[in-house]
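Letters are used for the chains, namely A, B, C and D, taken in the order the chains are written, and counting of residues starts over at 1 for each.
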Amino acid sequence: MNSIGKILTLTTFGESHGPAMGGVLDGMPAGVEIDLAELQRFVNRRRPGQNIGSSSRDEQDKVEVLSGIWKGKSLGTPIGFIIRNNDARSADYEEISHCYRPNHADFTWQAKYGLRDPRGGGRASARETVARVVAGGIAMQALRRLGVTIEAVASPVDAETLQRAMGEGDTLGGIIECTVQGGPAGLGEPVYGKLHAQLAAAMMSIPSVHGFEYGDGFKMAAKRGSEVMDLFEKRADGTIGTRTNHSGGIQGGISNGEDIVMRIAFKPVPTLMREIPTVDQAGNPVPLHPHGRHDVCVVPRAVPIVESMAALVILDNYLIKKTNVL
Amino acid sequence: MNSIGKILTLTTFGESHGPAMGGVLDGMPAGVEIDLAELQRFVNRRRPGQNIGSSSRDEQDKVEVLSGIWKGKSLGTPIGFIIRNNDARSADYEEISHCYRPNHADFTWQAKYGLRDPRGGGRASARETVARVVAGGIAMQALRRLGVTIEAVASPVDAETLQRAMGEGDTLGGIIECTVQGGPAGLGEPVYGKLHAQLAAAMMSIPSVHGFEYGDGFKMAAKRGSEVMDLFEKRADGTIGTRTNHSGGIQGGISNGEDIVMRIAFKPVPTLMREIPTVDQAGNPVPLHPHGRHDVCVVPRAVPIVESMAALVILDNYLIKKTNVL
Amino acid sequence: MNSIGKILTLTTFGESHGPAMGGVLDGMPAGVEIDLAELQRFVNRRRPGQNIGSSSRDEQDKVEVLSGIWKGKSLGTPIGFIIRNNDARSADYEEISHCYRPNHADFTWQAKYGLRDPRGGGRASARETVARVVAGGIAMQALRRLGVTIEAVASPVDAETLQRAMGEGDTLGGIIECTVQGGPAGLGEPVYGKLHAQLAAAMMSIPSVHGFEYGDGFKMAAKRGSEVMDLFEKRADGTIGTRTNHSGGIQGGISNGEDIVMRIAFKPVPTLMREIPTVDQAGNPVPLHPHGRHDVCVVPRAVPIVESMAALVILDNYLIKKTNVL
Amino acid sequence: MNSIGKILTLTTFGESHGPAMGGVLDGMPAGVEIDLAELQRFVNRRRPGQNIGSSSRDEQDKVEVLSGIWKGKSLGTPIGFIIRNNDARSADYEEISHCYRPNHADFTWQAKYGLRDPRGGGRASARETVARVVAGGIAMQALRRLGVTIEAVASPVDAETLQRAMGEGDTLGGIIECTVQGGPAGLGEPVYGKLHAQLAAAMMSIPSVHGFEYGDGFKMAAKRGSEVMDLFEKRADGTIGTRTNHSGGIQGGISNGEDIVMRIAFKPVPTLMREIPTVDQAGNPVPLHPHGRHDVCVVPRAVPIVESMAALVILDNYLIKKTNVL
């Protein structure tokens, strides 16, 4: 349940204030050059403290690769890695250990497991995503060797809006658009493993995501068939492509070689920097005071996470495609 | 790849114009009463010919259960079933066997497998979904015994709009909203198996779906945290619930006991009843003439399919939840 | 749980006296020629009535392929198939519906599920294996195109021994040795997916099997390292091979290109043709009278089943191996 | 492929001479008391240097739990752990990086992946099993709370035999018998997930194992049905049991509540302390000189590994059984 992928599988572990976060990336093909310095730079893009309004928690996020890569190449064995948690301040979380923060996972985890680690949200913390970018960064390096690039962009938030929200102890959401270029036609499994179904599951697994669409997405619902028809054409190089891309690069659940385009909606950060009324575990009203270090808007930091999830799905399907013929 | 679910798994098979569609629902708990007449009525809701503008293909969709149910109860063994294809007219598809229909899966299947069954779209046809409603109908009966109900509603299309699109040989899309009521808190697996990630994957696997959101969905992205806060309250019966439900019944990927609410966007039907320019397998331009029997708007028929996919995911997670404690 | 395999997966269903047995073989690569007449002949090898002492149940075992194969070739879509049960005599099983037959699955199924279909043993019947030989027969045809052949041989039982056991209402067990020839080096996944671990699981899943070994097997335990060393040599064609094959073609869980050799032990058939003392569901002693139609020795009929399970595992690993490099 | 289990899954990583071995145990139910000091003692049983003839590699095997356990209880989140490699002497392996050791995995890994980490056998080393005993030790603590105990015993080797083999630079194999007591009836999934099939796969995945049997095992093949019949009886406490246990506690693939008994055959250690003729990667003959630190007989150290694999399978099936009813 803490794993994703079929051939290329990522399994992760770690609580926000435990000793370390970590993961195992299994199924990476052998002999792929992996540049660990480049990987660290990619992971750093997710670190807090780089944007206005981002958390002041200061984690170095130093990636320690424990297996699977030797002399700069993947061995075909599982790539185990950890990232130490250094700047955890668990005392900030004494208050919430007996009450439920609204729009957080406190109540649902208690209902599910009967106990929980309240320090920093435990495993429900977005700190969990650091393991995703390690694995995703490795997958992106492999994809680049195949000519595939992935780029995500956050919807812009003007400084004034951000400053005002921050000043009022409030938070913001946002949208990230992600584009995969250079991928071959034929990725994705028809029926339950449609490429966009896998991408949706991967993106919806990122904390705070509330919506996913690809191509023209929800706008498609109000269009006529004739308005969104991606007509075929023969290109100069003799290949067949489409003139438009309302389909977002996926038809019948399988990539058609055009750009794969998707949009992911993030809810506003649930922790406000103001007092909030809530209840304790017995249901009694209690005021919740702002503690901990949190982002005003998590979307900029989520860009490499979105890219990582896309990379894991695309590379997995690239490997699965190899098994479609004898 | 033609399977979905972890404990309760559905595997399906069948091409649109082959002898039969079918499936295997494995992991259904033993001793659950299954009413086969009720199941047939549920499956009938998906049949064509019940709405204006729906396909004239006349399939009886008689469900033949081959195993797993005996004397009105599930045995705990896999429930195998088939539905014969009776009204296939494969001659309608001679033309398309050598060309690619826009916005269909013809091109991508050819790219993936190197060959395809063009008759009625083969396995890429939405006829595949008949197996989903058989399995989903069984899951819904089990859920009802647990007090869980699922209801989906299609966004209304006025008759005039439908008639005009039909008259112009054009097609329509639409949106379906699905609500799960009565489910317990604690469903869903944090991290990669978040309940909404599983629901997204299940819904996005339905043919023609281009978008998924839950709770306030995409609208969340433009809201402030203070606007979408579902504050807790103690209810008359002593339980804890939320005053509002912006979160759509899921927090941190786990159900909180409120209604689970999601919206699914369908693109317009890709087959127009007018001549369309396309290309053949060599990339040469060819006109495509309308053939076959198709829906103008597939959304009304998709309602039981959406309910079925929701039922399969919810029941699967109900079973998984049993393993969260010793 | 009624599925086996990772890329090439077989899911089966069916009770002994239900309407049909069946299965879905998913993940078969596209474009593979499948000869259905040859497949039927392979399935016929498992039919009863061909050996002295085999069951007199007369099933035609006509394979009905419902999907996935078109114009003699696999489509890459799931291959669904059924085999009707025609000669079931459920009345023979009235007696056992309230008592437990020794060495059968009656007691354990009741303990597990709280109910069971007693007719012919329900899903616990060895009739379930007919679906395995359908899938295995398809896999063998694909393997033959790759130059891989599989042959199993039952340990001989002399007619006199068989006649005497039959005359005394008793039964026999036996051993099957299976050899895979022509397979490439590199099949099998180190650690938990070792090729021999996968073969063991597949063979141990056949009804009545009580032991599995490969290469020198249990005899290895009493040998010294120097006695079982498969020394390498360079062969005339320039390839590297081993002079001996104590390892049974597998080293470190991965095939080395030599013959893969394994032995499977079957217990004697548990149904005796004589009165047996047993208990009813309340634990009270009851005599059990011989009923139904049963084999004296199931081992000859199990030969194509063993070959089938080997074929499924080998082909699955052949496909997995394709993903070991980018 | 480096994972095992369905609900309770173990994923491991690590090369023999890399920085660390490690694993992730996912699916452990929440709220289970875990005694880490006891766990360390269990892991220590596998350490070298405790028996005559065992490797002189001196690893402390200090288990570092990184997640999933808090205040002495499991959280329901994945339990990540590492064990540092401290006493690796990679220089010992320079020679073998260009040649293939007989009965080792050098040749097959090279064939599969095109490259390999030769230091200490890389991931093919039995050092990999240290992660199994960490996970298995945790599972055993959970099982004990359920009244289930697991005990394995190695076939005795007299000191004189061991000394003589060691003196001649030779090695020995052996057999381990493992018994599970106190488990409930109803564990195991019929058909492909038979309890003994899962146990076989788990045991055969341990390095050097060449055979598996349960109950009377291979001896069954030469017996008559009447000789191995486990007749039922009503016991003093009103429960139903069997008078004998030829079936080894498993019937029809499902546990019957009697002791589960299995035997596992280990081949002799493949590294001899004498010169061995072999070939290099080009196939040219080269002498192989003994290097590294190796066991003469690995069987005593394998006892906790066998217990661990049994514990993981039994606990996983205990959890699966919970889903058999609604």
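A few comments on the model shown:
Throughout what follows, a contact is a pair of C-beta atoms (placed from the backbone, for glycine too) under 8 Å apart; a residue touches a chain by one contact, two chains touch by 3 or more.
Worth saying up front: this structure is predicted, and the values here are computed from it rather than measured.
Looking at chain A and chain B, the chains that touch each of them are C, D. Chain pairs B-D and A-D differ in how many C-beta pairs are in contact, and the one with more is A-D. Centroids built from CA atoms put chain D at 43 Å from chain B. Spacing of chain C relative to chain D, judged by their CA centroids, is 25 angstrom.
Chain geometry summary: the mean Cα position of chain A and that of chain D are 36 Å apart.
Looking at chain D, residues 1-3, 12, 27, 30-31, 76-77, 112-114, 123, 190, 320, 324-325 sit in touch with two or more other chains. By the touch criterion stated above, chain A contacts chain D in their complex at residues 1-3, 9, 11-15, 18-24, 26-27, 30-31, 64, 66-68, 70, 73, 75-80, 82, 112-117, 122-123.
Against chain C, the residues of chain A that register as touching in their complex are 7, 27, 29-32, 76-77, 142, 145-146, 190, 319-320, 322-326. Residue ranges of chain D in contact with chain C, taken from their complex: 1-4, 12, 100, 102-105, 107-109, 111-114, 123-124, 128, 155, 165, 170-175, 184-186, 188-194, 196-198, 200-202, 204-205, 207, 210-218, 220-234, 238-240, 242, 246-248, 250-257, 265-272, 274, 276-279, 283-285, 320-321, 324-325.
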